[in-house]
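Lettered A, B, C and D in written order, each chain numbered from 1.
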Amino acid sequence: MATISFIDAIAAAMREEMQRDSSVFVMGEDVGLKGGVFTTTKGFQAEFGEWRAMDTPLAESAIAGVAIGAAMYGMRPIAEMQYADFMLPATNQIISEAAKIRYRSNNDWNCPIVVRAPFGGGIFGGLYHSQCPESIFFGTPGLKIVAPSTPYDAKGLLKAAIRDNDPVIYFEHKKCYRMVTGEVPDEDYIVPIGKADVKREGEDITVITYGLTVHFALQAAEELAKEGISAHILDLRTIQPLDEEAILEATRKTGKVLIIHEDNKTGGVGGEVAAIIAEKLLFELDAPIERLCGYDVPAMPISPSLEKFYMLNKDKVMEAMRKLALY
Amino acid sequence: MVQQTSVNQETKHRQLGLSDEQAIEMYRYMLLARKFDERGLVLQRAGKINFHVSGIGQEAAQVGAAFALQKEHDFFLPYYRDYAFVLAVGMTTKELMLSIFAKAEDPNSAGRQMPGHFSHRKLNIVTGSSPVTTQVPHAVGFALAAKMQNKDFVAFATLGDGSSNQGDFHEGLNFAGVFKLPVIVMVENNQYAISTPYSRQVASETIAQRATSYGMPGVRVDGNDPLEVFRVVKEARERAINGDGATLVEAVMYRLSPHSTSDNDLAYRTKEEVDENWEKDGIPKYRNYLIEVGIWSEEQDAALHEEINKELKEATEYGDKAAYPKPEDTLTHVYGEE
Amino acid sequence: MATISFIDAIAAAMREEMQRDSSVFVMGEDVGLKGGVFTTTKGFQAEFGEWRAMDTPLAESAIAGVAIGAAMYGMRPIAEMQYADFMLPATNQIISEAAKIRYRSNNDWNCPIVVRAPFGGGIFGGLYHSQCPESIFFGTPGLKIVAPSTPYDAKGLLKAAIRDNDPVIYFEHKKCYRMVTGEVPDEDYIVPIGKADVKREGEDITVITYGLTVHFALQAAEELAKEGISAHILDLRTIQPLDEEAILEATRKTGKVLIIHEDNKTGGVGGEVAAIIAEKLLFELDAPIERLCGYDVPAMPISPSLEKFYMLNKDKVMEAMRKLALY
Amino acid sequence: MVQQTSVNQETKHRQLGLSDEQAIEMYRYMLLARKFDERGLVLQRAGKINFHVSGIGQEAAQVGAAFALQKEHDFFLPYYRDYAFVLAVGMTTKELMLSIFAKAEDPNSAGRQMPGHFSHRKLNIVTGSSPVTTQVPHAVGFALAAKMQNKDFVAFATLGDGSSNQGDFHEGLNFAGVFKLPVIVMVENNQYAISTPYSRQVASETIAQRATSYGMPGVRVDGNDPLEVFRVVKEARERAINGDGATLVEAVMYRLSPHSTSDNDLAYRTKEEVDENWEKDGIPKYRNYLIEVGIWSEEQDAALHEEINKELKEATEYGDKAAYPKPEDTLTHVYGEE
């Protein structure tokens, strides 16, 4: 067990998989010589050469599309989108192609790509370096989508994504990169895609969330415990396919559910989670299903006063949790 | 006879390295595809199938290219008019009929996709979609894999003239150009994108000249001449295999049929224009060539038509009678089995 | 009042707006000389000329992007996507640009475009001529999204969309084009964006839906009435912004809600509607919130046996409605 | 004096139709932008602002282009390095300081967007985003509006060399080419896209030659020479106004500073390479030109530096002291008021 940062866990997962399997490689803008704008792939070119840590032209549809072609041949490309905001030019390749290749060929072809996308705000990135675009891709069957919150999950889920035989979008929260550290086993392991994780056991309220906001919920739960409020916290980890069993079990645990995500509320993953509960466990609920999410604005602005207003934090989360507990 | 043979020595196909048998085989595929498409149109009119998009007028280019490539070795990313191409690289008329009837046994998609969305892993035919031009970056990806794994195959993709205006054309070819990847992209310029003529669609005089944007050769060739297309694609393949990178080929022909069975082309072009272009049809031209060089005859031609009719009749019956997919199969293969 | 088809209502709305305002024009693939692949703009070039019924190159990102530029200048472009499936190459222009222009410029610029997108299946279109891609765009604040079900709504909403000062995605169901006819006033009118419509009053169950499935629900309600089951049917008409008031009112009416859409279930608009109800009216519900939607597969296949299995129809809808009524 | 004047008659700027005053004004904007950027970098290091992206090394091309266009008449779609350009078409240093401090009064976005995301409706500066190259189709849309409404303005968009690989570059320029629209697209080729050099980024030898794909002239010009860029853009504008359509301009220079304040450029290029390129910096070259032709002096230059320092000091103080947006303003202007 070593304690490492979130970003180092991501780098370690890629490095180990590239050492293990010569068909794994990483491609994207500035991932080679520079080692990535967040230095996630620093040193990769020295270790794996120019081709396996490949600087691509500035063209996301080609990054995704070329990765898809290589994957259909049998390679295991990790396509890095420099910021999740810049995945959008690749939407057609991801949704029309990657997601449908197995289905449309009746299982004759498949497309084992990983699209890594640094997402989320709170870094003074402004409208186009802060977005949570998961709702654009969520709801496209054929894609798997993960969004880890801890170094352990980040490493295990990225390894699982690379080994997966279907396309996986891997959302990594930029704010977690260096802020979040945690223990990671020295030996090889994976975190299975499709399995949520109870990050804290509790009795009074259930919080269902993923990504950065998991940490706000855990911090808030810590403080609320002192007030005698016991929170049960489920980290979805995978947002597609959703771990319905875990969602229902966590709901049963307390009968009061708060769903939290940074992505704007309308059309977000939280709506689907609430709908599943309202369909399957309506009569076990002791309170309305609450959602605490980003505001329904096009994206978060950069000015400190505005970004602070937009972003969730421990206090906003604690307030929502307390309100639900007292319901 | 001796004289005859000595004439053959100098025939164009021999000069290009094609045996008489291959030259005849090329003709057979061109004719087979033409007759397949005609059958498809009849079946649609008869209400046996819902929809057909034909490659009528593009067979010469498709077969010329296919013979310049290595079956079951190179990787193929055809587009929806490439019936002659996929036949020439190994798809059977029976398989194609299963596809246009959307039957369970169809190897392209088991009746999931529209006809013309070719796929056949054993034949290295890569599954394609409807959004045009997405296959260009895919082909570049196969070529990248060849380079990374030191394999000696090339990737070959086709698309239409209008489709060369999609961003993926630009992004894909630039990527191939920067890394000198073994890919050949052939635009089948049939001078229309549905109703839009080349002049209102593509701002460059030729599509071949777009290669200058990607640091690769761009070659324009008469798409009605299978031997010329063979020559051009063969040279492109050699360049690719020798590490000299990608080639953009523009095969120029004319879309002799309407865009699809849903299209009335006389709403946007004249019968005269269409008739003029029938004069340039590559199939009779090539048949005459084979006869002139003395390796083909009217008798053999009649026999071939017979044989093809028989084959298509059987394939049609097979496709017609074959079972539809089970309704619940709608739910399978969204993801791989764990 | 004249009785016209759904597609004629769309054509009439465009023609009248183009006659009324010279800044309105339609652009897209084959919309000019051919009059559109569905003949929606047939005769427009003769009436308005080559520029205002403009055949564009085959390039959706340019169609959207050029329309956006023209709209920022002050034109009122109607950008036709030949099929909704082919909007995806334009996703970046629609989501990163059109949706954010007003917000990012603090109201200095705006982008009054209409993106018309024929969507939906049941026409043997296969994977890429049948999709309901609304969930990709739903949840992007800054966009408005409408999906009418009747000629009256189709005409009134398209006129409202053209006159709107913000970008509107107009989803028109291909199956409705000629199958659905209805009365349309002779005089000018609009249907306000953001207002749902009760298409049938009822007491026992509430159905919330939009697009083609409105008709299946109405047909089913007709038959169920004979069984003594009275259905209240709300047609959302606008899916962004959702008419929350109308959704809650329709829910209160019966306490039993069935949400129906053709788009696949997970991540669809129905999840958001269910979540709103579960948050605002949980304790007025007499039954779990049910959803009847497309299957979670990448897209609907073309083979008759498969398409029939995938598509909703009157019988499937009736069964779900009956089941809920008997709950 | 008489002699002096007669010399001026033949000066390059006069030949191009620029008065001495304009020639000096151009220098002033180049220097002002340079000093603004230097101030921005200092403010970032001092922790007064979070982030700065400079246009250092690109001022000559930007000002040359701006002077060839008509302020408040043509429409401008600049990219994030175009500080010199937006200053030259009317933005003030005070407005730009409000932007880099992300204050409520900022006319570009009221503190919503990153600095360098220019917008100013009164000045016909069209709001831009971060995803590169999306402004190219927008510019084509403005040009389309000009054509449809018979207006005599042109649309002018800039982007970087790497950005010319985006699909929107291809789709936008082809659209402009097909309809011969009055748009000028200027690529500021500073030879890097963050860490990726031109040779690994763009497969064509030059970006100008990509114009052949769009049936329009492509002109390559020394981006360190404001007068040459002025000439080229002026000619392009005349073509556009005369109905001869679009032009692609490639202004070649070098990105003298790191990509942004978050970038360490010595991780991917050598100090020697950077130093060599400082030798080619357009600002001192142009100053020397003005002195040589006798319309500028060291004294005037010193005074100008003084004046600019004073202006920037005031602008900085104003921007620093100005109020942040109200937090709740986060929620405004998602849609227009009904």
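Quick note on the criterion: contacts are C-beta pairs under 8 Å (C-beta built on N, C-alpha and C of every residue); 3 or more make two chains touch, one makes a residue touch a chain.
Keep in mind that what you see is a predicted model, and the values were worked out from it rather than measured.
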**Prompt:** Looking at A-B, C-D or A-D, which pair matches B-C on over half of its contact pairs by residue number?
**Reply:** A-D
**Prompt:** What is the chain whose Cα centroid lies farthest from the Cα centroid of chain A?
**Reply:** B
**Message:** Averaging over Cα atoms per chain, report the distance between chain C and chain D in Å.
**Reply:** 42
**Request:** Compute the distance, rounded to whole Å, between the mean C-alpha positions of chain B and chain D.
**Result:** 47
**Complete:** Whole-angstrom distance, CA centroid of chain A to CA centroid of chain D, is 37
**Prompt:** If you look at chain A, which of its residues touch at least two other chains?
**Reply:** 57, 59, 61-62, 85, 88-89, 92, 96, 100, 103-104, 127-128, 141-142, 296-298
**Request:** Check each residue of chain D and list the ones that touch at least two other chains.
**Result:** 109-110, 112-113, 117, 129, 131, 165-168, 170-171, 174, 178, 200-202, 334
**Request:** Going by the contact rule at the top, pick out the chain B residues touching chain C in the complex.
**Result:** 50-51, 102-104, 109-114, 117, 129-132, 162-163, 165-168, 193-196, 200-202, 262-263, 267-268, 324-331, 334
**Complete:** So, in the complex, the side of chain A touching chain B is made of residues 25, 51-52, 56-57, 59, 61-62, 64-75, 77, 89, 92-93, 96-97, 100-110, 141-142, 144, 165-166
**Touching residues (chain side chain D, partner chain B) in the complex** = 165-171, 173-174, 176-178, 200-205, 209-210, 212-216
**Fill in**
In the complex, chain C touches chain B at residues 29-30, 32-35, 37, 55, 57-59, 61-62, 85-86, 88-89, 124-129, 295-298, 300-306, 308-310
**Item:** Interfacial residue positions of chain A with respect to chain C in the complex
**Value:** 85, 88-89, 91-92, 95-96, 99-100, 103-104, 127-128, 135-136, 138-142, 240-242, 263-264, 266-272, 274-275, 277-280, 282-283, 285, 287-291, 296-299
